[in-house]
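Handing you a structure now.
The first chain written gets the first letter, and so on, giving A, B, C and D; residue counts start at 1 in each chain.
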C-alpha cells in the first residue's frame, strides 16, 4: 500500500475512534460506555494491523494482538464483572449535564486539531491525523473521568485516554519499541487490577462508591 | 594577631554553647560554665576591640575563614566601626555573664535541665553571632550570623517560661525580623550578583558602578531590613513583646546591644558599602532616617509612659533611644560631604550617635538588670503590684535610680552628654541649612527636647511607683535584696554610666577610628575634645571650632562641693529634734491605697496626648434594677499601640480570613482534582503550545 | 576670647544669685500685695522663713525611704550649680567652661526630677498628684524653652550663655530683630510656668486642686523644707537670669574694673526688677488655669518660638 | 564493576522484598529491612565513587550519570533512615493496633518493591522504562497509602492512583511525541534512550518537542505535586503510614522532578533554553502561591507537611526556571535538602502523633515538656523548612534567589519572598503552638531510641549541609549541573 492510502485509512480509523469517543461521552448507561471503549480498542487493534501490513513491522502485529486481547476483551470483561458484582447504579451519574460535556469534548477536539495544524512537520513523524486524534482522545477520556461520579465510569475514561496514546504511538512512522509497549500494557493491567480491588473493598467495607468519598479536603 | 583574638572569642562562645551539654548531668554546672565562657569571650572581645581602637587607626584587618561554601569566600574583617560595636557588645556581655547564673537560678528554680541547656546554648550562640555580624568581612558571613543572632535570641525568648505568651511574642519577633532579613537578602544579593563575589571589598567596587535609582532602592531595602531589627516605628511592634519575655540579662543584651547591631548594619551599608565615590549620599537617605528617628523617639517614649509592665516600659524606651541614635545618624548622612570646608558637624553628629549607642547600652542594660532583680524577687512585672521596694532592695533601687537619671538625659550622667552632642549637631545642621530644611532640623531638635522631658516623667513614674511609697501587695512586701553577684553585674554598668558621664572626653579617643574611618574626615577627638579631654566643645558655625564648651567633669566637681555644703544646711542645728510620723493624709490612717498609682500618674499626659493615643475606655454601670440605684461601676481603660492595631492586626486578620475561606472552598471531590489537571494541560497547551514555532 | 570671666567671678556670681534669690521672691510678693491694695509682708520675709526653717527640727514620714533625707540636698545643689552658668555681672564666655544653656536646663530638670521622686517617696496622694502634674507640665515647657534658646543661639553661633550675652553686646530693644521680639514673647509666656506661678501654678496655696510645686514639698519639713524653698527661690532667679542673658544686654564684656562690675550689677538688678514686676502683674491680673488648659496656654509660647526660629532661619 | 552495579542495584530491594515474604516475625522483618537498606546504601556509595572517578556508565536501558546519582544518594539515605525509624515506629503502631501484626510482611515487601521501582526510575536511561517504572511507583505506593484500610486511606489511595495515572499517561503521551521527533531524526533504534536523544537533540523538530514537553511537564508535574495538579498530594501524604509519607514526600516527587529535568534538557536543546524555563517558572510560582493559604489555615499536621512539599517542589522548579548554572545548582541542592528535611519533619511529626494519638495540631501541646528531644527535632525541622540558617534549606533557597536576582526576575522574586515569609509565619505559628505551652493529653513516657536515631542521622545531614557543602558533594552537584545546562 502507498503512504497516501495508509494515511487515508488511518484518518478514517481516527474518525471512527472519535465517534466511539463521542459515544462514550454520551453514554448514559455504564455498560454502553464499556462496549464503546471495547469497540474503540478494537478499532485501534485494526489500525495496528493496517500499519503492520503497511510497514511490515512485526512488532506491530504483536501489539495489535495484545491490544485486542487485553484492551478489547479482558478489561471490558473485568469491568462488566465488577458491574455485575456490585449490582447497583448501572447508569453513569454525570457531574455536569452530558450535553455540556459534549460541548467541552468538541472544544477539546477543535483545540487539538488547531494545535497540530500549527505544527508543520508532524506528518512525516506521525502518520496522518494520528496526533490530533490522539490528543483529542486522551483529553476527552480525562474529561469523561472528570465529569462522571462513579468509579467505573472513571476507569472507562482512563482506558479511553490510554487508547488515544496507543493510537498515536502506533502511528509513529518508525513504530514504538515492542518491549516498551508491552510494559505499558502490563502497567495498565496492573493499575486496572489495583483499582478494581479498591473499588470492591470500599464497596464491601463502607457501602459507598469510592469515587464519591470526599472527606479529605483543604 | 588581633584577629586571633577574635578566633579566641569564637572559641570561648563555642565552648560555652557546647557546655550546654553538661546540663545532661547538672543544670547548675551548665549554667556556671556557660556564663564563665561568656565572660571569657567578652573579655577577649574587650581586648580585641580596645587593641584596635587604641592602636593606629588604619585599614581594616581581614582574615579568611575556612572555605565552607564553594560559591563564596568567607572572611573576617575588623575595622574601627566593627571594633567599636564589638566593644559595646562585650561591655554589656560582661555584666550579663556576671549577672546571669544567679538570676536564672533565683528566677526559675524549678527550671528543667532542658530549659537551662537551651538558655546556656542560646546565650552563647547569641553573643557569638552578634560579635561576628560586626566582624563579618563578607555578605554571607554577615547574613548567616545575622540570622543566627535572631534564631538564638528567639530560643532565649521562648525558653524563659512555658506560658503561651512567650511563644506568641517569639513568633511575632521571628516573623518580623525574618521579613526584614528577606529584604536584606535582596539588597545584599543584588550587590553580590553584580560583584560576582561576596566579600565586602568586591561589593564596594560593584557599588561604585551603580546608578542613582538602583543605589537608592538598595539602600531603602537594606534600611527596611535593619530598621525592623532596630525596632524603628512603625516596625517596632515585636520589640515591646519580645524583649520583656526573655530572661532579664538577655533582655539587657537584646535591648542594649542587638538593636545596635542593626545600627551597625545601617552605618556599614550606607557609609561604607553603598556610598558613592567622593560624592555626598543622596539626600533622601538622610532625611528619611532623620524623620523615622524623630518619630521613633517621640512615639516610643509616649507609649512607654502608658506601660505598667516594668520591662515592657523599658523596651519602649529602647524604641525611643534607637530613635535618638538615628537622629544623629540621619544628620550625619545629610551633612556628610555637603558642608563647607572646615565644617565638622557630620563628625559631631556621628560621634553623638555612636556615643549614645554605648551610653544606651550601659544604662538600658543597667535598668533591665535592675528590673530583673525586682522580677526574680517578686515574680511580678506589673508595677501597680509593687512599691516600697527601696527599703527592701536598697542597692537595686539606687542603681535603678542611677539608670533612670542617665536615661532621662540629665546631667551629670552619660545620657546627657550624648544628647547634648546631638543637640549641638542639630543646631549646627540647622545653621548650615537655610529654609525649610533647617527648620525641619530644629523641629526635630525640639522633639528631642520633648522626648527628654517625657522620659524624665516616665522614669519618675517607673522609679516612684516601683520602689517608693508602700508595698501594694505581699509580693513586694516580702521582697529581699538580690544576691551579690547580680548586684555586681549592675554595679559594673552603673560605673560605666558614671564614668561616661563625668569624663566623656576620655572616651572620645575610642571614637576616632570609627568616625575617621567612616567619614574620611576629622576624627572625633580632634573635633569634640579640641580643648583637652576635660572639655567638650563644638561650634555651630564653620571656622570657630569651640564656640560652645562644657565640662561635665568640672560640673560634677562643683555639684559634689555644693552637695557637701547643702548637707551642712540640711543637718540643721544639733538641738532640734527629729522624729517620724505617718504621712499626712488629711487625718485618715494611711494605707497603700493612698499611694499614687502608675495609671493615675500618667493620666494627665494621657489626656494631653489623647489625640495620639486614642485610649480605649469602657465604663460599665451595674444598676440594681432601676437606673437610679448604682451597684458598681466598672472602669477599664488601656492604651494600645496604634501601629499594632491599625496596621498589623488588620493585615494578619486579612490574610488569615482569606486563607480560611480558600481552604473551606476546597471540596475534596476527585472530579475537581481531575478537572484541575485537565485544565492545567489545556491552558498550558494554549499558552505555550499553539502557534509558536 | 577665653578668659573673659575667670572662675572666681563665676563662683561669685553664683553666690550672689543664691543670696538674692529670696529677695526677688519677697519683692514679687510685696508688689503683688501692693497691686492687690494690701500692705503685704516685708520684702525680707523669705529670709526670715528660711532662717526659721533651718533652725527647726524635722518630722519625716515613716514610709519614706533612705533617699528622702538626701533629696533636698541634691535638689539645692543642682539648682545652685545651674546658677553658676548664668552671666550676671559681665558677658563673655567663662575662662573655664562649665556648661551652656542646655546644661542649665538640664540641671533644672534634674532638680525637678529629684523633687518629684521625693514627692512620691512619702507615699501620700498629694505628693503623687503634685509630682504627676509637675511632670506633665515640664515636658511641655522644655521644648519651647529649648526653641527660644535655639532662636538666639542660631544668631550667636553658640549656646553658651556668656558668649550669647557677649554677642548681644549692649544693644537694646531698638537693635532687636523680629525673631527676638517673638522669642521674648514666648519667654514671657513661659516664665510663669517655669517659676511656678499663676496662671500655671499657685505658690501661695496648699489647696490640692490648684497646687503643683507646693504639693511636692508637703512632706518636707524643717531644714529639708528650707533647702527646698531656697532651691525654688534660686530656681526663680536663675530662670529670670536666663531670660536676661538671652534678651537683655549684660554689663560690658571688656571692662575689668570694679566700676564695670558695679555697672553690670546695677543692670542685672534692673532687669530682674522688670521681670519680677511683670510676674507680679500677671499673677495679680490673671486667674489660675485648669490643668488641662495649660497645654493650650503653652501652645501660644510654642507657636511664638517656632515663628521666631522660622524668622531666624528662613 | 560499575556496570554490574547498574543491574545489581534494582535487584537488592527486589530480593529483599522477596525474602520478606518468607517470614512473619517482626524482628526478622525489621532486620531484613535495615539490612537491605544498608546494603543498598553501601553499593550506591561504591557506585558514586566509581562514577566520580570514571564518569557516567550505561548498561542497556540503564544509565547512571551525576544527575541521577544526586537523586540516587538521596533515595538510599532516606531509605536507610526510614528503615531505622520503622523499627521503633512499628513496635508502637502494632501495640496500639494501627498495623496488624499478621500482615506486616506484605507491608515491608511493598515498601521495598516501592524502593525498587524508584531505583529503576532514577537509573532508567530509556524514557519508556522511566515511564513504566514511574507507573510502578504509583501502583505500589497506592497500595501502601491505602494500607491501613480505613475509608480515608482508601479514599486517598483512590484519588492518588487515579490522578497520578492520568498525569503520567500525559507523560507517556509526551514521551511518545519526543520519541516520534527523535525517531524522525535518528531512526527508530535507540530513539527512546535519553543519552542517544541528547546527541541529536538540537536537530529535533521544535514544534513537536514543544508539545511533548508541555505534556510531560503537566504529566510528571502531577506526579511531582506541582500546583494546580497537586490536590491529591496532601491527601496521600497525610493518609499514608508515616515512613511511607517520608518516602513519598522525600523521594518520590523528586523522581518525577528528575524525569522533568531530563525532558527539560531535551526541550532546551531543541527549542532553546528560554521555553522550558518559561514553563517551569510559571508552574513554580503557582505552586508556591497556591500552597500558602493551605499552610496557614491547616489543622492536620501531616497535611501541613504535604502542602509544604508542594511549596518546596515549587521552589525547586522555580530554581530550574531561573536557570543558569546557579539556578540549576540551587534546584538540585534544594532537592536533596528538602528531601532530608521533609523526611525529618515527617518522622518528628509521626512520633508526636503517636504520643498524642491525634493528627490535629490543636490537640498537640507542650511537646517540649513531655518529649524534649523529639520536640527539638520537630522545631529544627520546622525552622529548616522555613528557610532559616544554619540549616540546609537556607543555602539552597539562597542559590535560587541568587539565580533569580542575577537574571533579573524581580516580580518572581518579590512574590517568592513574600510567600516564603508568610509561610514562615504560618509554619512557626503551628510549630510553636505544638512545642511550647503546657502539655495536655500526653504521658511523659520515654522516647524510643530508633526513631531518635533516624532523626539524628537526618538532622546531622541537615545541619552539616547548612554549614558547609563538602568538596566531593560540590563537585558532584557541579557535574550534575553541567549535565543539565551543558
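Everything below uses one rule, namely that a contact is a pair of C-beta atoms (placed from the backbone, for glycine too) under 8 Å apart; a residue touches a chain by one contact, two chains touch by 3 or more.
For clarity, every value in this text was computed on a predicted model and none was experimentally measured.
Shared contact partners of subunit A and subunit D, listed by label: B. Number of steps on the shortest path from subunit B to subunit D, with steps defined by chain touch: 1.
Each chain's centre was taken as the mean of its CA atoms, and the one lying most distant from subunit D is C. Subunit B and subunit C, compared by their mean Cα positions, are separated by 35 Å.
Look at where the CA atoms of subunit C average out and do the same for subunit D: the two points lie 78 Å apart. Computed from the mean C-alpha positions, the centre of subunit A lies at a distance of 100 Å from the centre of subunit C.
Subunit A and subunit B have CA centres that are 69 Å apart. With touch defined as above, residues shared between interfaces to two or more other chains in subunit D number as follows: 155, 158-159, 162, 166, 170, 207, 211, 235, 294, 297-298. Residue positions of subunit B with contacts to 2 or more other chains are 663, 666, 668, 670, 674, 677, 681, 685, 689, 692-693. Residues of subunit C in contact with at least two other chains: none. Contact annotation for chain pairs lists A-B, A-D, B-C, B-D, with touch applied as defined.
On subunit B, the positions that touch subunit D within their shared complex are 68-71, 112, 114, 143-144, 147-148, 151, 158, 162-164, 166-168, 170-171, 174-175, 178-179, 182, 185-186, 189-190, 192-193, 655-656, 658-660, 662-663, 666, 668, 670, 672-674, 676-677, 679-681, 684-685, 687-689, 692-693. Partner subunit B is touched in their complex by these residues of subunit C: 54-67, 69, 72-74, 76-78, 80-81, 84, 93, 96-100, 102-103, 106-107, 109-110, 112-113, 116-117, 120-129, 131-133, 135-136, 138-147, 150, 153-154, 157-160, 163, 218-219, 222-224, 226-227, 230, 291-292, 295, 306, 309-310, 313-314.
Residues 663-664, 666-671, 674-675, 677-678, 681-682, 685-686, 689-693 of subunit B are the ones that touch subunit A when the two sit in their complex. Those residues of subunit B that touch subunit C in the complex are listed here as 387-388, 390-391, 394, 397, 401, 405, 408-411, 416, 420, 423-424, 427, 430-431, 433-436, 438-439, 442-443, 445-447, 449-450, 452-454, 456-457, 459-461, 463-465, 467-470, 531, 535, 537, 539-541, 544, 547-552, 554-555, 558-559, 562-563, 565-567, 569-573, 576-585, 590, 592, 594-596, 600-605, 607-608.
By the touch criterion given at the top, residues 155, 158-159, 162-163, 166-167, 170, 206-207, 210-211, 214-215, 217-218, 221-222, 228-229, 231-232, 235, 275, 278-279, 282, 292-294, 296-298, 326, 366, 368-369, 372, 383, 386, 388-390, 394-395, 398-399, 401-402, 405-406, 413, 417, 420-422, 424-425, 428-429, 432-433, 435-438, 467-469, 471, 474 of subunit D touch subunit B in their complex.
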